[in-house]
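Below, each structure is written out as structure tokens.
Okay, so subunit A shows up in both of these, paired with subunit B first and subunit C after.
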Partner chain A sequence: MDFLVVQFLTGLAGASSLFLVASGLSIIFGVTRIVNFAHGAFYMLGAYIAYTLTERWSGALGFWGGLIAAALAVAAIGALVEIVLLRRIYRAPELFQLLATFGVTLMVQDLSVLIWGPEDLVGRRAPGFRHSVDILGQSVPSYDLLLIALGPLVLGGLWLLFHKTRFGVLVRAATQDRDMVAALGVNQRWLFTGVFALGVFLAALGGALQLPRDAVSHTMDLRIIVEVFVVVVIGGLGSVGGAYLAALLVSELNAFGILVMPTISLVLVFLVMAVVLVVRPHGLFGKPEGPPRAAIGGLIRPWRPLSGAERLGMAALFAAAALLPLVAGSYVLSVGTEILIFALFAASLQLLMSAGGIASFGHAAYFGLGAYGAALGAKSLALPFPAALACGIALGTLGAAIFGWFCVRLSGVYFAMLTLAFAQIAWSVAFQWTSVTGGDNGLLGIWPPAWASSPAVFYWITLALAAAGVAAIRAIVFSPFGYALRAVRDSALRAEAIGIGRRGVQWTAFVIAGGFAALAGALFAFLKGSVFPDNLGIPLSVDGLVMVLLGGVETVSGAVVGALVYRALSVVLMSQTDYSKLVLGLFIVVLVVAFPRGIVGSLQALLPRLRRARASSIGAAALRPAE
Partner chain B sequence: MKLQVSNLNAWYGPAHILFDLDLSVGEGEVVALLGRNGAGKSTTFKSLVGLLERRSGSIVYEGRELASRPTHEIARAGLGYVPEDRRIFTELTVEENLEVGRQPARPGAPVWTPEKLYALFPNLAAMRNRPGGRMSGGEQQMLTIARTLMGNPGLVLLDEPSEGLAPKIVEDMATAILAMKREGLSLLISEQNLHFARLISDRAVIIERGRVRFSGTIAELQANPEVKEAYLAV
Partner chain C sequence: MRTGSVWLAALAASVALGAAAPAALAQQGEIKIGEINSYSGLPAFTEPYRKGWQLAVEEINKAGGVLGKKLVVISKDDGGRPADAVTAANELVSRDKVDMLAGAFFSHIGLALADFAKQKQMFYLAGEPLTDAIVWSAGNKYTFRLRPSNYMQAAMLAEEAAKLPAKRWATIAPNYEYGQSAVAVFKQLLSAKRPDIEWVGEQWPPQGKIDAGPVVQAVAAMKPDAILNVTFGPDLVKLVREGNSRGLFKDRAVVSFLTGEPEYIDPLKDETPEGWIVTGYPWDSVKTPEHDAFLKAYQAKFNDYPRLGSVVGYALIQSAVAIINKAGSTDTEKLIAAARGLEFDTPFGKSMFRAIDHQATLGAFVGKTAVKDGRGVMVDAVYRDGAKYLPSDEEVKKMRPQS
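Presenting the complex of A and B:
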């Protein structure tokens, strides 16, 4: 019993930092409608800068002053990011904002390694809070008690700020109706910058306060952001009170889950999140989102199936690709096979994003499940190669069916955050369930049978399957189901009025996309001969998004080109630099800001004369009632 | 002229809605913008305050060209906007709604305080701490006008103030508008209700399909049944 009380207190202490970060994310989202993926990066920066300052400045004043100064410094960096980057993309689709802020995350990761080194740093203990307090015969760190008190204090402070100051009242008003606030003479720009800086300050303070509790490391950004996404999904985006309650809930679940079974804590959190989402799709205190401001569909020119000549061209390209083994060595073939696999992966994601108008931030989950399914099928069940591939597809499809059932209940940013959280849960299971998945060591020795083991044959198999997959995805886009999917994307309301249910259609698309991603993953397992938790990780999910974006999100299958260019670039460029994340992050940010239409989209825009003859005018379709 | 709009064009996406609109409001004048549903009245207001992505033409207010300015600068110049759908901040109390609208006093424009506005709209005085979402339509209509007046504008764009209100509230609204006029405010009021417009306005401009079809005094409009029949009759 006493022990449980102490565990409860530990949970409360953990909730404070989580609440600080989550409330910052919520406040920023409320006003700017941006889900700031870089929030974890600001949290991490807060911890690193606090480490540096508290090492330099001595004494109690130096310590506490250092924490505050670190949070203020990061808030200033945040304001700079807002002014330089976010102002350009406030009206862009949500996907672009998530990607751009993820790009910032990547850059911060490499920069922090560059500045503070790759080692974990252990900071000073808090002066005056080095000892433990005896509670019911158990010792509790007094710093934990300070953190426990801090949570409600910050909650109260934020309440005062939002209800008793003009700034706070304007923020609440802008959360509901930004345009009306502008029409009343308020300059939104500075309001947005102020809100962003405030949210970043809270995140950085949350990070700085972890200094006496935990080592500072350059993986803490992704760890916290996933937890924070779970917290805001449960609590409801835009609600500070909801963030507090949900942070408590998640922290306590973690604290007690560890007692029951160390590996079960994430599953517990997941179960709670699932229940909350079924009962209250916008979280405990969330309100239904308005319609997304710029759905991807709004940008898209009318699509059409390939003409006869274009089909011939594709067949010629396919034939040329099939001839590659005659001229290339095994290294080039293995790179080529990898590109084909990622082309299929990216095309499956594109089905969701372009035709479905929904952006999954956890598409790697189905790729990874396919890889693990194939590996387990080949190793544990001793299935033959084709059956192992099928086993991978089955596992990935099953995962997509289950996760998708929850995800399609949401839309917009909630959808993106939930897909990310699910992918992270799948990653954790793969990472922690060592007896089945091998944990961090992965599963090794997954090779194709002798007849398929030569690089050329495996390349041909992959080429055939990937080409068939991409062709099938195209066919789906132009099938009656594809029309229904696009109808739901363009107007869920009107589609439902003619009898097309949004959830059913999107769920089906999610499962189909998951199945093709799983096929890609299964092939990848046999190409590499091994499977690791990385195959389900956030970076791979983002790779997929970048490929789609690079190819052109307004196109039907530009992702194939995107995958080709992106993988080829990463093979060439990444070998030249130690700071691959910095380069990639910068690349993503530039892509989002300067070339939002991608390669294929830009080419289409550059060749208007070719297209004008065929594309019908979109003017008539976009007419809206006046007034 | 307080406000001189010339050659105003506006678009929703690719759809052209307003065509070369000209209209003006004199100092202390109340002008009614009349027209049927869908004629382009609300679009005119939104494009005047810069809430549409694309517009062209000239909007001169007190001698200053505002057509290229962002929304908040137009508001700060003294052009107050009261939207048709009221757009009350439902989570905020009456007092807080007024606070959002507060701007410094402007030379040459009437100065409003919450107390003065509570006197103008007595219903609001009794519910200072009530959230905007828990008010009736008529109360919200008064609050949205009061909120805009807190910015001490020189000219108010009032979009269909009588729409959806009970006859008694419409009378109160007319009284309030006349009181605003007495304070020295200029007003441009869009209406479908000709009877209401006649009560409060000096001049009328009729638009149809985004083009001006008639412009003249209320008396001239009264003497011109063909115009009324062609552009206002339902």
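Presenting the complex of A and C:
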């Protein structure tokens, strides 16, 4: 009994740490609708700067002053990022800000190694809180008690701020309906900057407070970011109280879960999120959002299939790509093959995001299932190469059918986070089920048969399949089903009024997209010769999002270009520099500012303007309409 | 918009230039080793490791190179991802035309590279990966491994653990292959020596994400006499801090994998727990001529002390050069034949690649942790020769595919 009480207190301390960071994220998302991927980076910066300050300043004042000063400094950095970078892209398509904050995260990772060195840093213990207190015969660190008190204190402080100040009223108003707040004449710019800085301050404070109990390392950011997202979503977006309850739930379930099942930590938060979202589609305290005012379809020019001339152009491009083996060596071919595989993967995600208007944060699950399906088919069932590919597609499609059935019941970010939860559950199965999947040591020896093993032949096979896949996805977008899918995206209400059910259509799209991702994954298994759990991991899902956003989420197949640019850059940078993340992050940030609608999206927007300029200069006013 | 494009062009140009500059042209009179490691993902270990091999390459070229040719190491980052390691290996083999592959830190990356080496019939010398699979269950003809494996470290620690009076044991290990096999081997070897031992419980925090408070509390509730720890890095720091403040380690024996390596013990400073039995590398108390020479040269070149990674990097090149010298060529089959049973020098003294499973007999130091002048050190450290901590040949033959 005594033990259980102490375990509960320990869980409470963990909940407070988590809540500080999560509350910041929740506030930022609630008001600005930014999926702030850099929140973990700010948390890490808070810890690093606090380390530097507390090592310099002595005494209790130096320590606590150092933590606060670090959080303030990072908040200033956050405000700067918001003013310089994010402000330029609020009008960009939804989720595009994710790309910018992802770039910032990459840069911060390399910069912190450059500034603070590669080794883990262990900061000072908090003065006055070095020891433990005896509670029911068990020792509890006094710092834990401090954290336990701090959680509700911050919660109360935020409540006062939101309910008793004008700033807070505006923040709540903006969380509920930011268009209306803008219409009432509130200067959104400074409101957004203020909210962003406040959220970053909380993240950095959360990081700084870990100083006495954690090591400061350059992997802290990714350790926390997914978990706090999960906490925010479980709590309900924009609900600070919900975030506290969710942090409490997750921490206590973990503290007691490991007593029953010591391996549960790996997947616990995702299990909790999946269960909560299936039962309560808007989290514990979240409210259903009103129908969105400007769906993606309202912003863009209608899509059209390629014209005859454009088709010829594509055929010429395809022919040129097919000739690559005549000039390139086997390394370039293998990189080319990899790019083609990612192009197909990104295109499959784009079907969901652009035509379906639903963003999956866990699309790697189907890529990975495809890879495992192919590998298991080739190894355990001894299937020939084409049958192993089919086996991969089958497994990926099956996974998408099952997971998708639950996911399409949700919408918006909740949908995205449920896909993430399922992807992580699939990942942990691959990770733990050693007898079948080989665990984290993976499955080895998945090479194509002799006839397909030369880099040129495998490249051609991949080119043919990837091109056919992308063409098929385009054909689907312009088929009656594609129109139904776009109708559901643009207005679910109107679509349902004419007899097109949202769930069925979105579920079908989800399964199709999963199948194409699985094909990409199956090819990837044979390209690399091995399959590992990270084939279904979060980083790959993020890569997919980055490729789609980089290409242009308002386009039909811009993702192909996004994949080409992103993957080629990553490979070249990895090969040529030790600071590939810094350069890649910078590159993404620059691209985001230069092409606020993605590369293809921005070029498409530019093209008609150029044409018009030329047309007017030669005096021919009545050229064919734009696009 | 316009300024954006200019930026972009400049950046694209600089990337293109960067790509063109170091493209290694096949030069005559060079022997090339293609090296891959997690430089961006795990700099705390790979930076000292890189310094180690750089020092060895410099010394070897000063002494006239290999087979009369200059030794060149072309090094690539794998970002901590096996798929990217295979891409890098592909580049090294087909574009840079290296004569052998070497490197890797993470076990799964080592396994991916070993399988790649088998497929492409390239010689691969694994430096860091600890997994037993790389020489046993997934072993192949083309792959050799330098560091004392998981099994060997477990055997060294189990030998010491058996001498403790403790009967009730609990384990804390990261939940992935390394942690799982470390615990499994340690349990098996210790139970064989001490049938009276009882395993009272285990904790499996996710690697890199330990929630240390509840874990420490859960282990304390098992009331063990002794604890086996396999966590390392930031997880270890959190575990030690929570364990210290909650009194978990008071009056309990702790046996811990790798904790005596400077990479892991140094960050703990004055919070280093005292009296843990650990494997590691006490760089300032090894007094052998080989190590003295290495230490002096390393400190002179880098103005820093070596970590275990430095020794591995240095010995990696030493062993590679010994293999090439004996083979008298860079033909893969000849390299394999030469490496089998080859004896080579390392900063820890002589070591050998076993013919039976391609595992080197390089050992490790076993000692106790202590705090000296506010920093963590290893005391009473004794070097254990790896050759004595491997299973019998019959057992190895059963585990390793014979082909």
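We adopt the following convention: the second predicted complex is superposed on the first by the 503 of 627 C-alpha atoms of A that agree within 3 Å, B and C clash if a C-alpha of one lies under 4 Å from a C-alpha of the other, contacts with A are read in each partner's own complex, and residues count from 1 in each chain.
By definition in this document, a residue touches a chain if its C-beta (ideal position, glycine included) is under 8 Å from a C-beta of that chain, and two chains touch if they have at least 3 such contacts.
Just so it is clear, the model here is predicted, and its values are computed rather than measured.
Of the two partner chains placed around the shared chain by superposition, neither subunit B nor subunit C is touched by A:I135.
In the superposition on chain A, contact of A:G11 is made with subunit C only, not with subunit B.
In the superposed pair of complexes, A:V275 makes contact with neither subunit B nor subunit C.
After overlaying the two complexes on the shared chain, residue contacts for A:V260 are found with neither subunit B nor subunit C. Legend: residue contacts after superposition of the two complexes on their common chain; A:R223 is shown touching subunit C, with no touch to subunit B. Number of subunit A residues touched is higher for C, counting subunit B against subunit C. In the superposition on chain A, A:A182 makes contact with subunit B only, not with subunit C. In the superposed pair of complexes, A:G329 makes contact with subunit C only, with no contact to subunit B. Note: no residue of subunit A belongs to the subunit B contact set and to the subunit C contact set alike, using the contact criterion stated above. By the touch rule above, subunit B contacts subunit A in their complex via residues 12-15, 17, 37-43, 49, 51, 70-72, 75-76, 81, 83, 87, 89-92, 96-97, 99-103, 147-148, 151, 210.
Taken in their complex, subunit C has these residues touching subunit A: 1, 4-5, 7-8, 11, 15, 18-19, 22, 39-40, 43-44, 47, 76-79, 81-84, 86-88, 90-91, 94-95, 107-108, 111-112, 114-116, 118-119, 131, 133, 138, 175-177, 180, 201-206, 208-209, 211-215, 217-218, 220-221, 233-234, 237-238, 241-242, 245-247, 263, 266-269, 271. If you check the complex, the residues on subunit A that touch subunit B are 166, 169-170, 172-173, 175-177, 179-188, 618-619, 622-627. Listing the residues of subunit A that touch subunit C in their complex gives 3, 6-7, 10-11, 13-14, 110, 113, 118-122, 130-132, 138-141, 143-144, 212-215, 217-220, 223, 251, 254-255, 258-259, 262-263, 265-266, 329-332, 334-335, 338, 431-432, 434, 439-442, 444-445, 447, 455, 524, 528-530, 532, 534-535, 539, 569, 571-581, 583, 586-587, 590-591, 593-595.
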